[in-house]
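Okay, handing you the structure first.
Note that the chains take the letters A, B, C, D, E and F in the order they are written out, and that residue 1 is the start of every chain.
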Amino acid sequence: MNSFLASKPEGRIVLFGAPFDSTSSYRPGSRFGPQAIREASHSLETFSPEQLLDLEECPFTDDHDLELPFGDPCPALDLIEQKAARVISHGGVPFLLGGEHLVSLGAIRAASSMYPNLRVVHLDAHADLRDEYLGMRLSHATVMRRVLDLVGQDRLHQIGIRSCTREEHELSSRLSTTPEKVSLLAGENPCYLTCDIDILDPSVLPGTGTPDPGGLSFRELSNLLVSMITRLRVVGMDIVELSPGLDPSGVSAVVAAKLVRESLLALHRAPACG
Amino acid sequence: MNSFLASKPEGRIVLFGAPFDSTSSYRPGSRFGPQAIREASHSLETFSPEQLLDLEECPFTDDHDLELPFGDPCPALDLIEQKAARVISHGGVPFLLGGEHLVSLGAIRAASSMYPNLRVVHLDAHADLRDEYLGMRLSHATVMRRVLDLVGQDRLHQIGIRSCTREEHELSSRLSTTPEKVSLLAGENPCYLTCDIDILDPSVLPGTGTPDPGGLSFRELSNLLVSMITRLRVVGMDIVELSPGLDPSGVSAVVAAKLVRESLLALHRAPACG
Amino acid sequence: MNSFLASKPEGRIVLFGAPFDSTSSYRPGSRFGPQAIREASHSLETFSPEQLLDLEECPFTDDHDLELPFGDPCPALDLIEQKAARVISHGGVPFLLGGEHLVSLGAIRAASSMYPNLRVVHLDAHADLRDEYLGMRLSHATVMRRVLDLVGQDRLHQIGIRSCTREEHELSSRLSTTPEKVSLLAGENPCYLTCDIDILDPSVLPGTGTPDPGGLSFRELSNLLVSMITRLRVVGMDIVELSPGLDPSGVSAVVAAKLVRESLLALHRAPACG
Amino acid sequence: MNSFLASKPEGRIVLFGAPFDSTSSYRPGSRFGPQAIREASHSLETFSPEQLLDLEECPFTDDHDLELPFGDPCPALDLIEQKAARVISHGGVPFLLGGEHLVSLGAIRAASSMYPNLRVVHLDAHADLRDEYLGMRLSHATVMRRVLDLVGQDRLHQIGIRSCTREEHELSSRLSTTPEKVSLLAGENPCYLTCDIDILDPSVLPGTGTPDPGGLSFRELSNLLVSMITRLRVVGMDIVELSPGLDPSGVSAVVAAKLVRESLLALHRAPACG
Amino acid sequence: MNSFLASKPEGRIVLFGAPFDSTSSYRPGSRFGPQAIREASHSLETFSPEQLLDLEECPFTDDHDLELPFGDPCPALDLIEQKAARVISHGGVPFLLGGEHLVSLGAIRAASSMYPNLRVVHLDAHADLRDEYLGMRLSHATVMRRVLDLVGQDRLHQIGIRSCTREEHELSSRLSTTPEKVSLLAGENPCYLTCDIDILDPSVLPGTGTPDPGGLSFRELSNLLVSMITRLRVVGMDIVELSPGLDPSGVSAVVAAKLVRESLLALHRAPACG
Amino acid sequence: MNSFLASKPEGRIVLFGAPFDSTSSYRPGSRFGPQAIREASHSLETFSPEQLLDLEECPFTDDHDLELPFGDPCPALDLIEQKAARVISHGGVPFLLGGEHLVSLGAIRAASSMYPNLRVVHLDAHADLRDEYLGMRLSHATVMRRVLDLVGQDRLHQIGIRSCTREEHELSSRLSTTPEKVSLLAGENPCYLTCDIDILDPSVLPGTGTPDPGGLSFRELSNLLVSMITRLRVVGMDIVELSPGLDPSGVSAVVAAKLVRESLLALHRAPACG
């Protein structure tokens, strides 16, 4: 099988990798995520029996990985923002592959500039709402707090959180919602969907930096993504925090690749993106 | 604990390994499956609290591994067919341990010669119904198409398929069925049961060449096998595609070994084989 | 994040490790369990969104690992018994981290001396009720038989057993019970809770010496532990048989660490221990 | 660093991968060799302080991997032969990355057609001179016997052999030679250089299917290759049998990549290829 | 290739495994050594180009592994001693595969009873001369002290020691010798040769419990063993401390298997054993 | 064995870890180096038969790991500089355990402030002399260029470099020297010794981010370090770039730990530090 991520240059959906993991505090390695997803895609079919659609029939572009400097996150975030802004300004939908969760901030900044009433839907095991972490305001553990600064509490919705500090919990419980409520609230408003793959149970996806037991099954997340994408007006999305080297069986990368496939097909079905 | 696969020479059920994986396109290694199952069986009891039966009381024979040449699959398939035919002609039930899925074709050829009205029940994540794959007509990805050529559409039943091409899907959706329907249709007719172990979710069994997320739990497959075996007239069966080296934890081999134990005990309970 | 096991010297609950695995027959390595739990705890928060409690507010002490000789288990069991007896005689609750399951015998001996009407609640995949194993009466495979000798059949309760010999099955089926029944029977009597972590399904916890497929999910075990601890009068407990080296993804240690966190918080909520 | 294998379209030297390993009898996986070499090349510089040359200044082409069917080696060998013949007929020098050693036969057939007086220089731990292996005449264990059939005893030279059967030893000891003698004998005649990377000691390169202790150090092999390439008229060459998955440290692929770099630079220095 | 350890029942040399590792203090796992050596032997030829001899022509017996209890070393040592005594009393030469180094004590006790003037030649990285270790007198770290108690300082010779305490160093420096001196001193006296495989550099053999950098190369140890065996009157020997699970590349087991092959062939060449 | 790094509070030599690896471009993970060295030290003796000295008799302090933020290297370097300056101003010798090589810059800045005529001796496989890398001036690949900016060409000496760009090579060949010359040039001047452990051959130390084949053996590096330390006036030193997770055998950490032991003992023998 060929990689189903082979470029389809005519697509409005534009995949790109953001291989950055310098603020990961526990176990780095998500920089290898985008490449691992591409490789694992060779073992999957392009056709989805769930959605009865084939990627061969769904135009999208894979712009490969951004070249990002390691260390200080500021220049990396700027490069991600510029890339996402370029995609959006050409009428496209950026689909970012992480990298650590902080990379989402670059794409959300771009989407938020373009769509002032942007809503952000956040699927994750961790609240990521600390104001500072190890003295840093830009970190995988603070990323959604920075998004909150950007869009405000009414426009940030969290689903699946099962790990937080007591301080984060107070805030997170206010942001917490269900897929049904999100789709009611969002209506026709533009949404950015950010999915930290550690929302999955570690038995399903051991290859992530800070696994937290007690998460979703593959089918639960796959159905959640497809249902959100087809019901919301998604103007940008990402799947982040795959750290393939932590899972020597290679299964984690296949799990991420299948989620990317199902998401691409669902984006195609959604009227705004196809 | 000793291996529960220690030979019981008087048994009608004859286990043997077919350590062949030369057509595996993504990640080879299923050649090490049979040996890994034997080793993992040391860590399991011979008694099943589910079936209240002990392998010590259930005669069967382990004829160890066939010596198969690598590369061209034709001579390997011939050797497998000859072995299975010998077992059947002595009134036995061949129980094949793979190896890649293509090895099943050898045993099914033998069973189909002996039992002209043979039905084949196929448990798998993948349809394996391509007519050709990478230019080859004999491949792990075409094996069930070759079985279809042999027994016809009315006698091939598929359960659990979650991965296929669009072309395969049309065919596969006609072959797709449920355990209940199979047992109604098959009645007293002889059945060959072929189980590609990647029907399990990769969280349960990461050690397989082409894992596809979203599969069965251990209990679902274990119950499915036991219920099929005790309700059908099984004249041959196999469990294939364990690739133990891909799972450094060793759990995948234990999963396969427990499925072999439960299947052996279920075959013993079935009137035809005990 | 700092380890949530940093010492809180004022606590009535006293954690300590028993890094002993010399009678492990299949795959040793549980000696590294306690240290791996401490390290994995760095990646978890101290706050539990399930129990709405934070370890920072729950006093307990971590007395680190006992220094135990390898080989003959008698001196190791004596050292464990002395340590547990010291904790109990100072009004504390020993919380032992294994190590192989045999280490529980030391702590149960101590608890049984102090509390003559002690009940033992045993969560495990394996019955561990052999009278002898490979010629040894003190072994991970005989440990609950030795506990039975100590407390008698009426005071030993087993939950979750899915692997045993036919002989063990007769005995185990009489000891088998449900969480509800245990809490009815035990009432205000002192209980020792021993949890062999292989009660979990191997997909959730591959890092254990004798994994047996078909076990509990993380949530099932976490809820079971919390519900037992908050409903019984727990005077001692242990979590044993994590063998971290068998799981290169590191997830197994995180699973164990989260169970330790939830158990510590639940012990704090139970009136007797807080 | 970018991969130093980025294509230089103007080069006379044409790299290509032959990802085939279907006849591997012990541990397959060399199909992943070419891709692993490309990835590992990112961690190396393009400049060689030994040869004071930079790949940036040395034109060559990387034609990526051939798409080869698995199983029967005949069609794969045909495709390799056609590719090598095409390169040679355009005045180029094919540089093959294996794959198992059998793939060399395809390239040597092409070179032997084009250059009737071709000499073959064989660096390896194993003699590979069996006439048949597991009933097969085309196998990694028979490949040099097939080359012998093609070029005759006077034109096949072996260096470094440390493993063989008694039968092979008689033949191999006649073919055995030293670098100095080879360069005297070969003179201006065209030579094909085939290097099975297991000539290295397994401490240097654990990632190969049949490691044999007691081999060369990295410097010994690197110097040997450079000295042979710069002294002979090399019209084709290969480096085969890297099996990267067997070495989780990733070092084996880096070793192979550095040997490819040094060989490319040496080929450039040799007047015939530069 | 078949395992070269397939039984040759007529042989005077009797191989057997002692899969015991319960006193290992750092990293257990040498219990899997003997089985790993048998499996790795499949990848090696039976012929040695160094000694120009083939195992096919050298009678020996492989009596497989003793079944040893884990935990207390006393019963295990008794079983090993009985086995070695039986071999010697039938005119044979026991060749023990460990297991941790303590297992040698069983065989040396047997040899010392039979041959009162026995000399012991000890190849190792570690002196193993502690009188007690973690409170135990029977341990991998005290084994040569127990041998010293048995045979006296004049009859114990150490080669290769590079790790010891200051106390051990005083004793060890008196026992330290060279191969040449040993063969002069020993003359026609019976010798037991015990080889802890960690005398090799960890780059050559990472799969051992307490690796110590700075050791021998494969060729150095192989030559040392062959030269000692062919010059001394070896009445028993062992190779111990391979811990195969610590080396995921599998190379360590191949290294040990090749040393066993060379040792068997050298024993055959020695007049007393052939 | 206890860790030989247990604190000796009275020592002038002060060990501390700098677990930072955010600018690592190829494979991060050196943040886990200091902790892995401490753990591996449990398997080594405190006595060195080479130097006939025991760490028990050599006072030093282990101040454990600095808590460093990930991402932007500036604050991390500041914290390292402050720590090293504190040690030096109390008359101590800082001994830094990395972490990526960039961490050395913090310590060298401190030493250079205190000792204006400081010389830096640099042992490494890589020149690390780029002026910029991926747009960054502070990176593991530019660290020695920043040191050069600080101390000037006459005071920076490189040993062992085998990998560089053509630009670096011009500069590096001027800085390149031998141990003998360094000790002549340096005389009584204060020296800082920085050792990137990838100067070792990858067979000896696979656990490092950018292994480069063809390096030193363990004995060569151990002798080099001891001879430099005992001949120079070392006022600060470091050993960096161990990335333990890349070597699943654990040997790399043991290699680093033994080098730390030998260095500590050598520092003790040097008159200035003992």
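Points to keep in mind about this one:
Everything that follows uses one rule, which is that a contact is a pair of C-beta atoms (placed from the backbone, for glycine too) under 8 Å apart; a residue touches a chain by one contact, two chains touch by 3 or more.
Here the structure is a predicted model, which means the values were calculated and not measured.
Note on connectivity: the fewest steps through touching chains from chain C to chain E is 1.
Chains that count as touching both chain B and chain E, per the definition above, are C, D. Chain pair C-E has a twin interface among A-F, A-B or D-F; that twin, with over half of the contact pairs alike by residue number, is A-F. If you lay the C-alpha trace of chain A over that of chain F, the rotation comes to 180 degrees, to the nearest 5.
Centres computed as Cα averages put chain E at a distance of 38 Å from chain F.
Residue positions of chain A touching 2 or more other chains, listed in rising order: 25, 201, 203, 248. If you check the complex, the residues on chain D that touch chain E are 25-27, 161-166, 169, 201-203, 206-207, 210-214, 246-248.
Taken together, the chain A residues at the contact with chain F in this complex read 21-25, 28-29, 31, 67-75, 134-136, 138-139. Those residues of chain A whose C-beta lies close enough to touch chain B in the complex are 1, 42-47, 49, 52, 54, 201, 203-204, 218-219, 222, 248-251, 254-255, 258.
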